[in-house]
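Letters are used for the chains, namely A, B and C, taken in the order the chains are written, and counting of residues starts over at 1 for each.
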C-alpha cells in the first residue's frame, strides 16, 4: 500500500433538507486503499458521499489528490477528475441497453476517442462477464444483482481514481453480495481506491483496510477494519443493545 | 371576522361607495375595468396561487358570460338576470367537462387544454351564427336592480366593487374552513390529502369551476356595462394577461390579485402612451415589457410583488387568531373495540415493480391494543408494504383485510374512512398552514358541511368542533405551545409529531407510523414512547416502521423483521435481538 | 369532392403535417430534457422564415441584432458569475465562446449586401442566425430557474413568447410574408399531380427526422441527451453537465424550428405572431404522444395536418376549432389510460 494521501477530509459539515446530516466529519484515505464507512440508517453515510461528489453543498476542508476539492465546481468536473459515485439508487438509464449505459459511463472521457472507450469497455466486460452476455438488453430488465454490476461497471468506465460505492449490497441475495465484494477486492489490484458505504458491516469490513463508524452524523469509531470487525460496540450501534464496556474511541484511533 | 380581511374588504367597499363621488369620469372607467379584471384574477388566485393549477382560458369563460347575456337579452329580449343564470350555468358545465378531462392527468395538461380551448372559443365567437361575427353584438340593455337602473359607469362602479367585496368575503370564508384547508393542501401533492380522507379530485374540480364562474360573472358585468360585446377582449392573449396579473401581483393572496390587476392595467395605459414616443408607432412594446417583467418576476420574486410590499407595511398588533374553544362538545367517536382483536391482516402479499419483487409472500397481523414494529435493513421492502397497507399502491397479489373487510383494492381515502390513519416517512405537512390547521386536516372526514354553507360560514359550529378536536390532539402529543405556529417553521422532529396528531384526529382504530422517532432528541423520543403506550392502553393498534432499535425494543409487543421483501422472523423483542438470522441480516452473514 | 381535390388536400395535409411533426419532436425533446413546455418553439419558425424573407427582399434582418444583444446579455451573466466565483481568468474564453459567432454574423450582415448573396446562402444565413437563439434563450431565461415546477416554467414560456412576438412585430411589422418557392414544377403521375415543392418539404422534413434518429441512437452526445431525459441524476453522475444538456436541447429545438421556418415559408403566409398557432398544433400532436413518445407525436402531427387541410376545405371558418377540439378526445383517452403517479417533490 503506497503511503500517499488520496483524500483528506477535515471538519466536513453538510446538510440535506432541514436535517443536519453531517457534523464535523474527518476522514483520511490513501491511494489503493479500500475504506469502509458503516453505521446505522440515517447516520449520514449517503450524505457524506453526496457531499464529496458535489450533489449536496458542504462546508469544510476537503483535499483530493493534494488539491482543494472546491476547485472542482460541479459533479461533472469531479467525475472528469477521477471521482465516481455509484449511488444507492443505482440511477441507471432504464430504457437504454446495457452497452449504451456503459458507454455513457465514459462520457467524461469522450475526448479520448473511440479506441479508448472500447478498450475500457473490454476491461469492464472482463470484470463483469454477465454484463457482456446482457449487453443488448435494456437496463430496466436486469435483476437486482445485475443492476448493481451495471452501475459499478458504468462508474468504472470513467476510469476513476476514487470509486465511491453506496450500499452495493443493498437488496441483494447473499451469494451475489459475495460476488460483488470479490470484485471490489479485485479492483484494488487495478489501482482504484474504494470508499465503501455499507450497512452490511461484516462484509464491508472484511474487504476493507480501514473503517469508520458513523452515528448521528459524527464519527463514533474508527480503526483498522479487522479490529473494528471484532469490536462489540459496533454491533450495539446496529441492534440497539445497551452500551457496555465499549473500548473508548481514543484507544482505537491510537491503534490505527 | 379575520383581521387580514380588513384591508381588501375595506378597500373595495371604499371604492364602491366613494369612487363614484370623488373620481373623474376617466378614472371611474379605469377603476371599473380594474374591478372586472380583479374578479377574474381572484378566481385565478384560488386556482393557481392556492390550488396549484393553472388556466390560460379564463378570458374564454369571461366571453361565455358576456355572450350568453348578450344573445339572450338582445335576440330573445329576455331579462339580464336570466342571462346571468344561463351564462353561469353554461360556464359551469364547460368547466366541469374540461376539468374532468384534464384534472386526473399531470398538472400541465390543464393549462395546455385551456390554451387550446381558449383559442377555439375565440374563433367560435367570431364565426358562430347569431353572435354578430367579429363585429359583435350591439344594444345590450341595462340592468336594473330592485328599481335601481344601472345606466352609467358610476353606477357600475358601485356594483362592481360591491361584488368584489362579496367575492373576497366568500373566498376567504371558503379558505378558512375544512374545505379550504383541503384546497390549500392540494399543491403539496395528493398522496397525503387522500390518506387523510380528502377527495382531492373533487377539491380541484371545485376551484376550477369556481374560478370559471367568477370569470363568467365578470363577463356578465362587462357586457351590461359596455352594452356591446365583440370577440377581442376574450382572446387567448387576454387569458394570458389575466394570468400575468396574478403572477405579478402575487398568486397566493387575494389582495395580490387586485394589486396585480391594478398594476397591469395602469402600467399598460401608461406604457401605451410612453413607449411609442420612444420607439415609434407600430409595435406592442408594452407586451415586450410585460413578458420580460414576468420572466424577471419568476426569476427573482416568484411569490409576486404584493408580498414584497406587504412585508413593508406596518404590522398591526393582535394579528394572531384566537385558539379554539376547548369546551366545545367533542366530535362523535367510533365504537370501541375489544382488546387484542385482529385489526389488520395481510396474507401472501406480493408487490412487483417491473422485474423487481419488492414484497414477496408477506404476512402480517396487527391487533388492537398492541404495538407491532416492522424492522429490517434498508431496501427490505418496509415502505412498500406500508404503502400497500394504506392503499397508496395496489398489491400485485395477495389479500389485505381490515376488521374482516377486504381492503387491498380500496383507495387510501376509503381505507382512511374505515379507521386506518398514517404518517409519512418524508414529512408531508402544508408548510404555510398552522399546526392547528394541519392537524385538523386529519379530521376532514368527520365534517360534512357543503360548499355553499362553507362559503357563507354557516358551518361555524362544526368548524369549532373540528378545530377543538385538533387542538386536543395537539395538546395530547405535547405540542400545545406550537398550536398557532406555521408547521414549516418547526424542527423536523416536531413535524413528525404533528403528523401523529393529524393521524389521531381521524379517530382511528389503527395507526401506521413510518419512522416516527427519526430526528427526535432523546427526551422527545421518551415522550413519544409514553404517548404510544397510552394509545395502546386506550385500545389502539399501532404498526410502526422504525430504525431506532433502542426505541423499538423498549416499546413493541411484537416485532416483525423483513429482508428481501419477505418476512425473516417475528416474535418478542428480545427473542428478535438474539435471533442469529436477524443479526446476519443487519450485519451481513459470513460470506 | 372529386379525386383532384382529394389528392390536393392530402398533399397539402401531409406537407404541413411533416412540419408539425418536426415541431412536435422538438417540443417532446425539450420537455423531456428540461421539463420546459416551449411555447416559443413556433416563434423560431416565424423568425427564421421572416429573416429569410427580409434577406430575399435585399434587406438586413434585425434578428441578427437580436442575437447579438441576447448573446451579450448571456456573456454579461457568465462574466458576473465568473467574477463572483473568482474565476475571472476564464473571461477571455467565455467571451470567445459566446461572442464569436454572433459578431461574425453581425459583421457579415453589416458588410455584405444581402441582395448579392446566392439563394442557398440566404437560407443558410437565416438558419445560422436563428439557431443560436435557442441556447441564448435557455441561458437567459430558463437556466436560472431550472428547479422551478413545470407549471412555473410554463408561465415563463408563455411570458417569453409574448415578449418575442412583441419584438417580432417591432422588427418585421404587421404585414405577412411569404418566401420564394424552392421550385415550381409539378410531378404528374397519371391522374395525380404532385407539386415538387411538397415533395421537397416532406423529403427534407423526413431527412431531418432520420438525422435526429441517428443522432439520438448512434452518437455518444445524442445518447447523453436521451440519458438526461430518462434520468437526470444518473446523467449527472456520469459527468454530463445538466445545464449543458439543457442548452443543447434548446439548440436542437431552435435548429428544428429554423429549418421548419425555411420549409413552411413558401407554403404559408406568415405573420409576426403565426408561431403560436404552429406551436399549438405541434402540442396537439405531442399530446397525442403523451408528451413522451416520438413516433406517436409524429403520427399525430400528420393527423393534425390532414385534419386541418380537409377542415379548411369543408368548413374553413372552423378549421382551428376542429383541430383544437381534437385535444378533447385525446385528453379523455389519456385520462382513462394513464395511472398518474404524482411527483414526490414540489
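Everything that follows uses one rule, which is that a contact is a pair of C-beta atoms (placed from the backbone, for glycine too) under 8 Å apart; a residue touches a chain by one contact, two chains touch by 3 or more.
Note that the structure is a prediction, hence the values are computed from the model and not measured.
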Q) Taking each chain's centre as the average of its Cα atoms, which chain lies closest to the overall Cα centroid? A) B
(Q) I want to compare two interfaces, A-C and B-C. Which one has more contacting C-beta pairs? (A) B-C
Q | Remotest chain, subunit C as reference, centres from CA atoms | A | A
Q: Provide the C-alpha centroid distance between subunit A and subunit B, rounded to the nearest whole angstrom.
A: 42
Q: Let me have the rounded angstrom distance from the C-alpha centre of subunit A over to the C-alpha centre of subunit C, please.
A: 43
Q: Report, in whole Å, the distance between the mean C-alpha point of subunit B and the mean C-alpha point of subunit C.
A: 36
Q) Of all the residues in subunit A, which ones touch at least 2 other chains? A) none
(Q) For the complex, give me every residue of subunit B touching subunit A. (A) 354-356, 377-380, 491-492, 518-519, 547-553, 564, 577, 583, 586-591
Q: Can you check the complex and tell me which residues of subunit C touch subunit B?
A: 37, 141, 144-145, 148-152, 154-156, 158-167, 169-170, 173-174, 276-277, 280, 283-284, 287, 291, 317-318, 320-321, 324-325, 327-328, 331-332, 334-335, 338, 340, 342-344, 346
**Q.** Residues of subunit A touching subunit C in the complex
**A.** 53, 55, 73-76, 79-80, 84-85, 87, 89, 91-96, 100, 103-108, 110, 154-155, 157-158
Q | In the complex with subunit B, residue positions of subunit A that touch it | A | 17-19, 40-42, 88, 140-144, 167, 169-171, 173-174, 177-178, 181, 198-204, 206, 235, 238-242
Q | List of subunit B residues in touch with subunit C within their complex | A | 48, 52-54, 56, 101-102, 104-109, 111-113, 115-117, 119-120, 123-124, 126-127, 187-191, 236-237, 240, 243-244, 247, 279, 282-292, 294-295, 298-299, 302, 426
